[in-house]
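Shared between the two complexes below is chain A, which has chain B as its partner in the first and chain C in the second.
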Partner chain A sequence: MSQLSRMFLGANSRDGLWTVPLIVALACCAGLAFSTAEFASSQNILNLIAQAAPLILVSIGQMIVILVRGLDLSVGSVVSLTTGILSLNVPVYVSVPAVMLAAVAIGLLNGISVTTFRVHPIIATLSMMGIVQGVTMFVRPSAGGTVPPEILALVSGRLFGIYMPVIWVIVAILVAWKVVHGSRFGLHLFAIGGGETAGTFGIAEQRNVLAAYVLSSCFAAVAGIFLAGRIVSGDPNIGTQYAVDSITAVALGGTQLAGGIGSLHGTVIGCALLAIIANGMNLLNVSAFIQTIVKGLILLAVISLQPRKTIGL
Partner chain B sequence: MTMQPLVQMTSVSKSFGGIAALENVDFQLLPGSVHALTGENGAGKSTLMKILAGVVQPDGGMIRKNGQIVCFASPREALDAGVSTVFQEHSLLPNLSIAENMFLGKEPVTKFGVTDRVRMEREVKQVLYGLGLKLDPATLVGNLSIAERQFVEIARGISARADVVILDEPTAALNAADVEVLNTQIQSLKKQQKAVVYISHRMEEIFKVCDTITVLKDGRNVDTVPVSSIRPKQLIGMMVGRELSELFPPRPDQTRGEVVLSIDGLRLTAEATPCSIVLRRGEIVALAGLEGQGQRELVRSLVGEYVPHGGKVAVRGREFAFPLSEERGIREMQALGLGFVPEDRKLEGLFLDLSLAHNLTIGLHSRHFELKPAAAHREVIANSMKSLSIKAARPSLPVNALSGGNQQKVLLGRYLALGADILIIEEPTRGVDVGAKAEIYKLLRDYANAGGSVVVLSRETLELIGLCDRLYVIHDKHVVAEMPAKSATEHAILEAALHG
Partner chain C sequence: MKRLSNLSRVALRIPPSYIVFAVLLVTLWVMRPNLIDVAILGTFARQVVPLGIVVLGQLLVISSRSIDLSAGGVILLVNYLISSGLLYDWPVCLIILLCLGVGLSVGLANGLLVGKRRASAVIVTLALNIILIGLVEYLANGKPPGDVPKYFRELYNLRFWSLPAPVIFWIALAGLMSAFLGRSVFGRFVWSIGSNPISAHFSGVPVERTVVLAHTICGLMSAVAALVQTSSIAVGSVRFGPELVMNSIAATILGGVVFGRPALVWGPFVGVLCFALLFVVMTTMGVQEPRKLIAQGLIILLAAIFYGVRSKSNS
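After this line comes the complex of A and B, so read on.
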C-alpha cells in the first residue's frame, strides 16, 4: 500500500477510518441538494442539526465506552428517564441535579457490573436498560407533562446570534475533545482499549472503565435534557432508538468495537451521516418502517466491512 | 570497602496454587554491576524478578531497597522506587505512539491539562537517538517490526530514571548489531553506578556482559559467583545439577532385532538419487545433516504429509508404494503402530486450549466409532503422567499452561498411550529446558530398550550423537553416509554431508 492510501485508510493512526464516511456524507449532501428543493434550505439544515444534536451527545458517551472495549445499551433508557424526570412539574434546580445524579448512579452500576463482577458489557447494560426503562414507566407511564420554561429556553432561540442547538453541539464537541483527545484520561482510555497490558504501565484500569460508563450515562442524560426541551414534555419511549443509533454512528465514524481505535471527529461525522440519511429519506418520503430497516442494514454493513485492527503487523 | 547493596532480597518465598515457585531465595544487587540470573525454565527467575518489579507479591521474605524495607504493591510503586523492568512478553500498546508508550502512566501535560505531545516526542527522540535508533517517536508501535518494538521496550526500561534495570531475555528478537548497541547501553548504565539484572539463555552474552551470576534451580538458590571464576560448562552443570555428558542415557550394546521399517528406493523429487533406510526393533536412528537437505521431507513422506516421486516403504512386512494415497497416510500408519511427533507442537501437535488429559487420550478416542460414548481413560492419564513425569497441578489444565518440556511429554504420551512401537520424531527437544531434555532422552531410550523403534530428526547434531544408535547423513535429498553414533563426531557428520 502506498503511504497515501495508508494515510487515507487510517492505518497509521488510531483515529480509525473516518475519511470514507466523510466522503459519503458529503456525497449524500450533494445528492440531496440536487434531488430535493428543501434539503439545502436553512430551515432544513437547522432541523438537521437539532436532530443530530442528541445523537451526537449520546454517541460521544457511547464512543468513550467502546474505546475501552465496552458497549452501553442503557443510554436510550437513560434518555427516556431524563425526559420523564424533567416533566415531573418540579423546579429545574431539583430536577436537573436529580437527573445527573441518576445518570451517575446508572453509570456506576454499569461500570461495577463490568469491572468488579466481570459481566459482559452487553449483558450488564442490557439488564440496566430493562431496569431503567421500568423505573421510567413509574415516573412517566405515558407521554405528557410539561417541562420547565428554563429548559425550553436552553434549546430554542439564539445566543449571540447563534442557534441554541448549534451551541449545544459545539460545547459538546469541545468538552468531548478535551476528555478524549486532550487529557491523560483520554490517552489512558485508548491504552486500556489497546491491550491487556495497560495495567503494567500503572494505569488504574478499573477506575478508568468505571469513569467511562459514568461519562456515557451523563452524556445520555444531557441528550435527554436537550430532547425534553425540544418536545416540551416527557416521553418514556423517546430514547428507545438511541442505543442502536449511537452504536451505528460510532461504528460508522471508524471507531472499532474491539476498542482502542477511534476518534471524536469520526463519531461526529458518523452522527452527521446518519442524520443526513434519515433527513434525506424523510424529504424523499420514504416510509418510517423502511428507514428502520435501512438503519439496521447500515449497522450490519459497517461492522462487516470495517477493517479490523488496522494497526499492527 | 563494602558497598551497600542497591537491592537486598532476603529469603523470598512464593507459591502458586500449592506449587512452590520460590523457596527462601536470597538475591543481592550491587551498584555498578551487571548481574546475570540464570536457571532452567521454571527455575523461578521470572517470578523473582516479577516480585522485585511489583507485579507479583511474595508470600514471605523481605526486600530492602537502599537499606530501607520496601513492599511494592504494583509495578508503578516499584518504578517510583527506582526499579524498571523490560519484560520478555511484549507489553507495548500497538495503538499508541512510541512516545506515548514510553511516557504512559506519567505523561507530561501542558498548562491546559492537555497531554504534551511535543515534549514527549522531543524527549523520546533524544532517548532513541542515544540508542542509535532512527525512529519517529510519533510512529504507532503497531507499525514497528518485532526488533524495533523490542528496542523501544528496552529504551523505555533504561530511560526510566531508575537505578535498577531488569532485562528479561532482552536479546531474543535482536540481531548481532542490535545486541552490540544494547551492550553499550548496559555498560553506560554500569558507569552510572546503576545495577542491571540480565536474564538470558545465551551463554556467550552472559559471559560477555555480566559481572556476577546467580543460579536458581527449582525455586532455590544454587550459588552466586563472579563470572570470572566460572566456565560455561560448569555453569550448565550448576543449572542442571549435572554435567552436560550426563544428559544422555547410556547406550545398550545388545544386538538389534528384526527390521520393523524399511524405506526402499525413495526418491523425494524426480531428479533425486533414490535412498534406502532401515529401522530395527529397539533402535534409535537419526537423520542428520545440514538444514533443509530433505530430512523433513523424508519423514513426512511416511505419513503422507509430503508427496515424493517414487519408492516404497515396508512397515513390519506390509509394503506400501510412495507416494502414499490420500486415504492411507497417517491414519493407516497409526493403525500399524507408527506415531509421528511433529516439530511444531503448538501448531501441528497439540490442541492448545484442550486439557492435558484430553491431549493425551485424543488418539485413543479417534480409534472408536464416533457415536460411542467417550471413555474417561483416567487410568491411562494417571499412568502417563506418572511414567512421563509430567508436572502439572491437575490433568484438566489446558495444555498451553504447561512448560515446553511438559508439552512435549504430553505429545509423546499420546502415541505411547496408543501403543505405538515406531516413533518418528522431529526436533524432540525444541524449546525445552535442559532438565526436561535429559528426561526426554531417557524416555526415548527406555522406550527403545522396551522394544520400540525411533527415528529422530534434529538440528542439534550433538543431541543426535548423544541420543541415537545409528545416524544417516542426508544431503541433497538422499542418504550420503551411514555411521554408528558411538563413533560419530560433529566433524565427521559435517564432512560426510559436504563431501558425500
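After this line comes the complex of A and C, so read on.
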C-alpha cells in the first residue's frame, strides 16, 4: 500500500510531490464554485490569471535556482527596481534593454559570489537584495511616475481575441518548459542539484549555476515589466512580497529546497493554488490577516509532507 | 614562505567584525572625537541590544547549519501581549514568564519541524513568522495597541557606572552563552554538527536533539530580545521586525559564524556593535537610507566572500 501511494504521490519521482497540491487546488476550485457565484465567472478567472501572472514569472526563475540547490532572495528587489527604471520617463527602447541589462548584471553578481567565492546562496542573495533595494530607492524614492504607453499596451487589451495576461502566462510557461524540461541545460540543472558528483560526469557546474541565477533575475525583471504595465507607475516596495511568495509557491509545487527534484507544472500549480486561495478568501470576505495565517499553515503542512534526508536549511 | 602562510592564516582567523569595528571606531574618532565617550557610545549600544540578543540565538542555529527567520514574529507577538492591556492586572513575573513561554514554544515548534520532520528551516521559520504576524494583526485588527506598563520603561532607562542597564544585561547574557557553549557538551555537539553533520551523526552525536534544542534556545532568545525591544519603544506597535531578522543574520556572518562554522559568541557580538557604530557614522556623515542599505549589503557580501575564499584555501 505504502509503495503504491508513494508512487501515486510521486515521492520517488524527479518531479516532486505535485499531485497533492493539484488535488487541493481542484478541491478549492470546486468548493468555491459551489459556495460563491462569482468565482466561476469569466471576469473573476481573468482577474485570477492577471494576479497570478507576475508570481508565476518570478517563481519559474526561483525554481530554476532552487533546482541547483540555490535560493534567490533578491528577486523581489529586482521586480521593484524594474518598475522604478520603467517609470523614469525614458523611451521604451532605452528602458527595457536597461532593465534586462541590470537583471543580467545582478544575476551574474549573485552567481559569481555563489560559484567562484563559495558564498552561501542565502547570504549572497540576501546582501544583493539590500544593495538592489538601495539602488531602487535612488532611482525612485517613492511610488509614482508614469510608464510608457507601449508597456501598458503589452499587458492590457487582447491579441487574436485572447487577453494579454493569459498570453504572458502561456508564453512564459512554454519558454520555461523548453528550458527546464526540454533542453540539455535543464537536464544539467537536475544533475547538478541531484548530487555533488555532477562535475565528474563532465557537467560544467559553475557555468550552469551562473546561468541559473541570471535566468532567475531575468524572469523577475519580466515580472517587473508586467507589473509596471498593470499599475502604470513605479513603486520601490512593490516587489517586497515576491521573495517569500515565490519560495512558498515553489515549495507548494513539490520542488525540494535541497535541489534536484522539482517540476515546472508543480510550480505553476503552486502559484495557481496560492492565487486561488487568496481570491477565494477575498470572495468569502475573510479578513486579510486570516489569509496570511492560512497561507503560513498551508506552507507548513506541505513542507512537512516532503520527505528529506538532510537536516537544516 | 611557510611562515608567511602561517601569518596569513592567523590573520584570516580573526572575525571580519573586529576589523570593521576598528575601522569604524577610527573613522568616528577622526570625524567626531567628542563622541568617543562611554556614556554616549553606551546609548548607541543600547539601541542594538534587542538585535544583539537575537544574534545570540541566531549564531547557535546558523552554526548548526540551520536558520531562524521567525524572530520578527515572536517580537511582534510579545510586544502585542504586553501592550494590548489584555494582561493588565497580571503580576510582572507572570507576564514575563508568559512571554518567555511564547518564545520557547515557537522555538520548539521550529526545532521539531526542522529536526524531527526534517523540513527546510528557511520555509518552516518563514511560515511560522507569517502565521505569527497574521495572528497579531488579526488580534489587533488594524488598531495600534496601547502603552507598555511603566516599570518596563524605568528598567530600560536605568544606568550603572554610566552604562545603560540593557547593555550590561546583554554583555552578561553573551558571557553566559559563551561559557555555556565553551564548557557544555551541548556546545561541542553544536560545534561538531557545524563542521560536518554526517560525521557527527556517525560519531554518536544526537543530531536531531541538538538541532531541536538549538532552535528552542533561539526562540527563547527572541522572546528576551522582544522584552527589551518592547521596553525600549514603550508603546505597542504592529510594524517592525523584518529588518531586525536580516540584520541578525548579517551580524552573525560578520562575526565569522557561517553555516557550518563553530559558534563563537564574541565575533557576532562585535558584529552587532559594528551595526550600532555604522548607524552613528553614517548619520554623522549625512548618508541617506538608500546608501545605508547599499553599504550594509556590501559589508555582508564582502565578509561572506572573505570567508568563502578562506574556506577554499583551506580545503
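Just so we're on the same page, the second predicted complex is superposed on the first by the 301 of 313 C-alpha atoms of A that agree within 3 Å, B and C clash if a C-alpha of one lies under 4 Å from a C-alpha of the other, contacts with A are read in each partner's own complex, and residues count from 1 in each chain.
Note that in this section a contact is a pair of C-beta atoms (placed from the backbone, for glycine too) under 8 Å apart; a residue touches a chain by one contact, two chains touch by 3 or more.
Values in this document were obtained by computation on a predicted structure and should not be read as measured data.
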Partner, of chain C and chain B, that touches more residues belonging to chain A: C
First, second, both or neither for A:Lys295, with chain B first and chain C second: second
Partner chain(s) touched by A:Asn237 [first = chain B, second = chain C, both, neither]: neither
Touching partner for A:Asn47 - first (chain B), second (chain C), both, neither: neither
First (chain B), second (chain C), both or neither touched by A:Ser113: second
Which superposed partner A:Gly134 touches (first chain B, second chain C, both, neither): second
Contacts of A:Asn282 with chain B and chain C, given as first, second, both or neither: neither
Contact residues common to both interfaces of chain A (with chain B and with chain C): 311-313
Complex contact set, residues of chain B against chain A: 55, 74-76, 79, 87, 89, 91-96, 100, 104-107, 109, 112-115, 139-140, 142-143, 145-146
Contact set on chain A toward chain C in their complex: 71, 113, 117-120, 122-124, 126-131, 133-138, 141, 244, 247-248, 251, 257-258, 287, 289-293, 295-297, 299-300, 303-304, 306-313
Residues of chain A defined as touching chain B within the complex: 11-14, 178, 182-184, 186-188, 190-191, 193-195, 197-203, 260-261, 311-313
Residue numbers on chain C that touch chain A, as the complex places them: 64-67, 113-115, 117-124, 126-131, 133-135, 137-138, 141, 197, 207-208, 211, 246, 249-250, 253, 258-259, 289-298, 300-301, 304-305, 307-309, 311-312
